[in-house]
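One chain, subunit A, links the two complexes that follow: it is found with subunit B in the first and with subunit C in the second.
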Partner chain A sequence: MADIPTGAPGPRAPGQLPRQSTDSTMAHPLGALERASVVVKPATGRRPSLWEKRRRRRRDKHHSAKKCAFFRYCYYDPAFKYFIEQVLGAEYVALPASTKQTTELGAQHSSDYVCTPFKHILGDYIEALDAGAEVLVQFGGPCRLGYYGELQERILRDMGYDFEMLNFSVDIEKGAIGWAKQCMKVVNPNVKVGAGLLKLASCANMVVKLDAARDFYLANAGFERERGSFARVWESYLEALRAATADRDVNSAYREAMDAFRALPVDKPADPIRIGVVGEMFTAIDERSNLELDAKLLAMGVEVHRMMNLTNRWIRYNEPNLRVGAKDYVGYDMGPTSTLTIAAAVRYGREGLDGLVHAKSAGCTPEIDCAAVLQRVAQDFEVPCLYLTFDAQTSDTGLDTRLEAFYDMLAMKKERMRP
Partner chain B sequence: MALPHPARPDLAWVQRVGIPRGLLYWRYGELWQAFFRSLGREVVLSPETDKAIVEEGSARSIDECCLASKAYMGHVAALVGRCDAVFVPSYASCHPHAGFCTKFQGLPDLVRNTFRDEELAVMSLLVGNIRDKKGTERSVAELGMRLGASAKEAKAAYATGLHAQRAADKRRATAQAAALQDLARRRAAAQASGEAAPLGILLVAHPYISHDSYLCGTLAEALERMGVTLLLADETDHGRAYKRSFDFSRTLPWAANRELIGSILMLRDQVDGIVLVSAFPCGPDSMTDDAIMRYVEGLPMLNLTIDAQSGTAGVETRLESFVDILRYQKLGGYVG
Partner chain C sequence: MSDAATTRQAETAPAAPGTEGAAAQAPEAYLGIDIGSISTKGVVIGVDGAILARSYLWTEGNPVQATKNVVDELHGQLAERPVRIVGAGTTGSARRLVGAMLGATVVKNEITAHAVGTTFLHPDVRTILEIGGQDSKIICVADGIAVDYAMNTLCAAGTGSFLSSQAHRLGAAVEEFGEIALTSKHPANIAARCTVFAESDLVHKIQVGYAREDIIAGLCNAVASNYLNNVGKGKRIEAPVVFQGGVSKNVGVVHAFEEQLGMAVAVDPDGHLMGAFGAALLARDAGPVGEAGTGPFASGSFDSEAALEFTFTTREVECQKCANHCEIICVYRDRDLIDSWGNRCEKGEVRP
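Moving on to the complex of A and B:
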């Protein structure tokens, strides 16, 4: 507020007389009887008007008012929000936690034996459009994922919705340039390209920091002294990341969260039961799809390891080198997430973890093929493997029973093997 | 199982090459056979699919595998002990619009791991991108060199194989065009004489389904018994069908499904109905058949899924009723 004179003690309503002139009148030796005819006001640089000219709010010309929505995917919504708001400079539509109805809606409008993530994502999109989204974002991939976007767009349009789709499968052959052009065309033609790229790097940094904190969480939350203490820190970490607008916010949120995690008291035995979770990108991580597998394992007091996450699959993915670790089992890349699944299983076997859990969605062809390889890995390293297939059903009683039985078996085996 | 140096003739000892009669054999079989024969190898084909093969394959596969892949495992099992090495290529999806189901990508490793106890020798090659002609030639020639041929011989063998495959594809496409012409002629004749018009039905299925006498044979026989002219979508000219499929979808990632969809678009005016057949649970078909059913309009369509159950009565009933509906519609029974 540049128009406030520096001498004034506080803010002043527009049009109010300057206090100084009143003071000078009162201070006159003749008092109110003789009104001073000459008043010289000190110059404040104000316009000679009772109306204060309203300053025009400058609009950010790089901002787009389009409301964009992602589907619900694990704990990555802060990164999606950051991508939309900071990288693309548009509005992000946050979705509330999914319900049973979400999945039912999706399953109702999908083909019967399409893989399950399709149904979950379709349900998310329907809810996002109901919540006011104008642009839906979908990725592309080398399996059926590559065709998700186009089919979902058609299904939603058939249902009567009007929206735009930012589908990274379209023009995938043009690579990053094609994607950037599509982002500009669909979401924000005025995006600041240079700043956007820097923000994209910090968006990737956020994903890495999310995964790093999650790894710590999975390894230790099973042994917390106070129930729910880890989950509370995790939630506040996600909140802090959702509010982040720059790279330093991400880093400081991560530092604070990790300090808080390390400060929490844990009762961790020297040799806890350790389980490695392997599987396909969506179901192995996404808590809604795998019926909160993480929480269920942690509640039993297990140290959980999971190599599959966005960091390891996309940001630091080097398939040929990763395959070297599993070269006794595979000679070729078997599918989008297969190498990571098998290499992780081999590593867990080599490191002597107590058990493996293979989580996949119903009908996921590459992971079905992996199961045949995992059987061999489990055989060679003598590590029991629990194969879980998740479809759109939402009851978790069967899962509880199987996990408990698996845990009991591992615990008994560990007891027997103890020297 | 690291891949050895390509130039090393580490497979020179292989004299009898086993080729399982399943999956991509029905698409590239002529190429492979001619390639190995021109390198002086004996080619051993597994027998035609039958119930025993499917059962054997099912026993060796994870439950959730598709029927065609279970049958493939049965074919591999039938080759154990009958050849020096089984040829199982890996066809990957490096091209975003001409890829394959990931099953074809992981097949060599799947076979290796499934038949590990039999110590089955698996011979393989990687075709990353089928649209990349040079790259494909290079990887096939590499296999030829590993079999002990010189670079020149290996390339020549690939050329022979490619020629054989193209000739076979062309033969099928020509036969289909002739059948369509014949159908049109009979239609005109029937219209002139006032008889019931003949029916032409397009069977849309992956070649490893539609050409397999066990998986799809009863279905084709039943249709032909009803006097229907049966056209196979996978026999239409592949190149033209592939191009045409871009009218339908920009992002569809599978070459085989593109060829089928292109064929539908090319032939839809010349046939009376479409029968979609897919093996349970086919990944690509689960989405493309849905898309076809939604967006190909104006043609009656029947969507059939075949599984390992061998009873055919249900399928025949559905086909009969479908054909009845088509005939009734031709007589003007339904409006629109």
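Moving on to the complex of A and C:
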């Protein structure tokens, strides 16, 4: 509560406040300073009595008022919101859709040679801090991404921002306990641990449901009869998930969305062109990083397959088992997403998909290693592979040309092979 | 196609002034234009795929004027044996702009156009090497269809523009490069991985006194090895190999490819026109335009004089409806907006 000027007049009705205070100021012998403080007063609208009992705010003692923000990552923002609000019991700062400015902002403050996701994330953080975020969440990752949290924190501090960082790469060696302690320390010390764990399970469920619906979307949206009908359902599904507060809401939103998807009319040929997208965790999925690769492929009328998503990389990830499927090509775990990339490519080859698209950010070392293996996979299964490298400067036109040519090639081949 | 075509021919013949008599009976033909960063190529093909007229001119930073010049030259070549051009295809980096300008039926990327053109002329080809002004690509072919391709990505090293800027430095015309290179007995070894390094290495070799022909031959070798290391990496290059694009006219580079690959490399005399040829073939497959109503195809067949008379202007508008600030290109024929592109969402749509 603001300090109360001693020269203020006594009790008065709220409706009369402005007039009274102005009058009293005019009458007061002291100058402008006094006047200013009195003019500010009416906004509080409180009785200026010192003996009045302070009204106790009713609040959830397990809630934290800290405003937390994630970076933008694919279509997972409902899950991030759920994680902050339901699991940690804090406030979530929702970011509007990213623009070219976001990327420029991020690129401006990062080294040119750092891989592209770093630039995007940094841009998001700057926008989040400008939107009032107090805690930034960086979930780290199995590659250089694990180090980016600390680097980004330093850059932002050098820029003069004051904030806290919830970085899951810190205390990574302590595993889940270390992460939980970090969350409590940084965001909410009063978090309900038991309920939080249940909510965490339903957050994971949300991620699974998001990915399941996305798989259906990718397989069918390319053949929609009414342009934009799938995207509309997808948007309303995300909206429903953003409003979810319990597992029940997640499941019902999923059911409704899937019913709506299945009810949409599609003109799908019996033998459509099928393309498998493989690549690194960020660029293969994130529409901003890959210049809307999904939308571009779907617009050409392609059935898109993509094994890479959070469900398959984190929730249901079992590297040794996955490697068995690609044992002719990979003998040991090559790195963060390499096994998934190669195993997915081998599976797509076996299933007879028409083409592969390999998406990586510029300078992504693990995926550069994968490219050599993919060349062999492509030769063995006779499936053409398009290698795409994305940077913050990658042009849309160049990508369009390559994708169009790739599609033409697959379509002509399919036409010729048709009995 | 014959039924529809003949009825249309019968309908349009009296309507089009100045084309009565022999011209109305003239065989159908298709126009293909490939507008690259450096040069603009045009061909007119008959229905059987034979090239009737060909043109190759510099773009000189003005694709619209270059296209007009090409159309004019093609028109001049066809003065003796008149044809009715009933469809057009465009390709190359200015394909969209020129496609809108000509009212083309087919606007295709250059990779597809090259693959279509080359496999038509060389049905048995297995590998197509292509080096143009600013890009280079490799297309692998099996049984007459493209099965794999790659294109230079982040770097334009070893393309035509690199060669021509180095030619300028050496004071030789880039057209003579090939012959000079073949006279060399000991080609200089020039670092080929990167244009910048290649250039500084080249300057060094000049300064220490290498013979000019050795440097030029080294440059040609560098272009070939750079191509094979960057664009062709991981691709199986199998014979027969066809080399095309503007750089294929350089016999020095052809020789370098033959040596490095250890196999014969064929260069088609029309290799530099293959993109335009492919676009024309695709337009042929798409069939005649019909009556477009406006533009050069207003009467159903291409009126090259009208195409030369129209003025085409483009205007760049920065969309202010969100922070993306998309640059929207609007193309006007005389005063009418005929096409626009560049917007990422429907908010920035500009409709003719």
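Quick note on the criterion: the second predicted complex is superposed on the first by the 360 of 419 C-alpha atoms of A that agree within 3 Å, B and C clash if a C-alpha of one lies under 4 Å from a C-alpha of the other, contacts with A are read in each partner's own complex, and residues count from 1 in each chain.
In the analysis below, contacts are C-beta pairs under 8 Å (C-beta built on N, C-alpha and C of every residue); 3 or more make two chains touch, one makes a residue touch a chain.
Computed from a predicted structure; not experimentally measured.
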item: Superposed partners subunit B and subunit C on subunit A - clash or fit; value: fit
item: Which of subunit B and subunit C A:330 touches, first, second, both or neither; value: first
item: Which of subunit B and subunit C A:362 touches, first, second, both or neither; value: both
item: Touching partner for A:185 - first (subunit B), second (subunit C), both, neither; value: neither
item: Touching partner for A:316 - first (subunit B), second (subunit C), both, neither; value: neither
item: Touched partner set for A:372, first subunit B, second subunit C, both or neither; value: both
item: Which of subunit B and subunit C A:172 touches, first, second, both or neither; value: first
item: Contacts of A:147 with subunit B and subunit C, given as first, second, both or neither; value: first
item: Partner chain in contact with A:338 - subunit B first, subunit C second, else both or neither; value: first
item: Partner chain in contact with A:382 - subunit B first, subunit C second, else both or neither; value: second
item: Partner contacting more residues of subunit A (subunit B vs subunit C); value: B
item: Subunit B and subunit C, minimum CA distance [Å, superposed model]; value: 5
item: Intersection of subunit A interface sets (partners subunit B, subunit C); value: 362, 371-372, 375, 389
item: Interfacial residue positions of subunit A with respect to subunit B in the complex; value: 110-115, 118, 140, 142-144, 146-147, 149-151, 154-155, 158, 167, 169-170, 172-173, 324, 327-336, 338, 362-363, 365-366, 368-373, 375-376, 389
item: Footprint of subunit A on subunit B - complex, ascending; value: 1-3, 61-62, 64-66, 90, 92-93, 95-97, 99, 101-103, 105-106, 108-110, 112-114, 116, 124, 126, 249-253, 280-281, 283-284, 286-291, 294-295
item: Contacting residues of subunit C [partner subunit A, same complex]; value: 108-112, 115, 143-151, 153-154, 234, 236, 322-325
item: Subunit A residues touching subunit C - in the complex, by the definition given at the top; value: 99-101, 362, 371-372, 375, 378-379, 382, 384-385, 387, 389, 391, 400-402, 404-406, 408-409, 412-413, 416
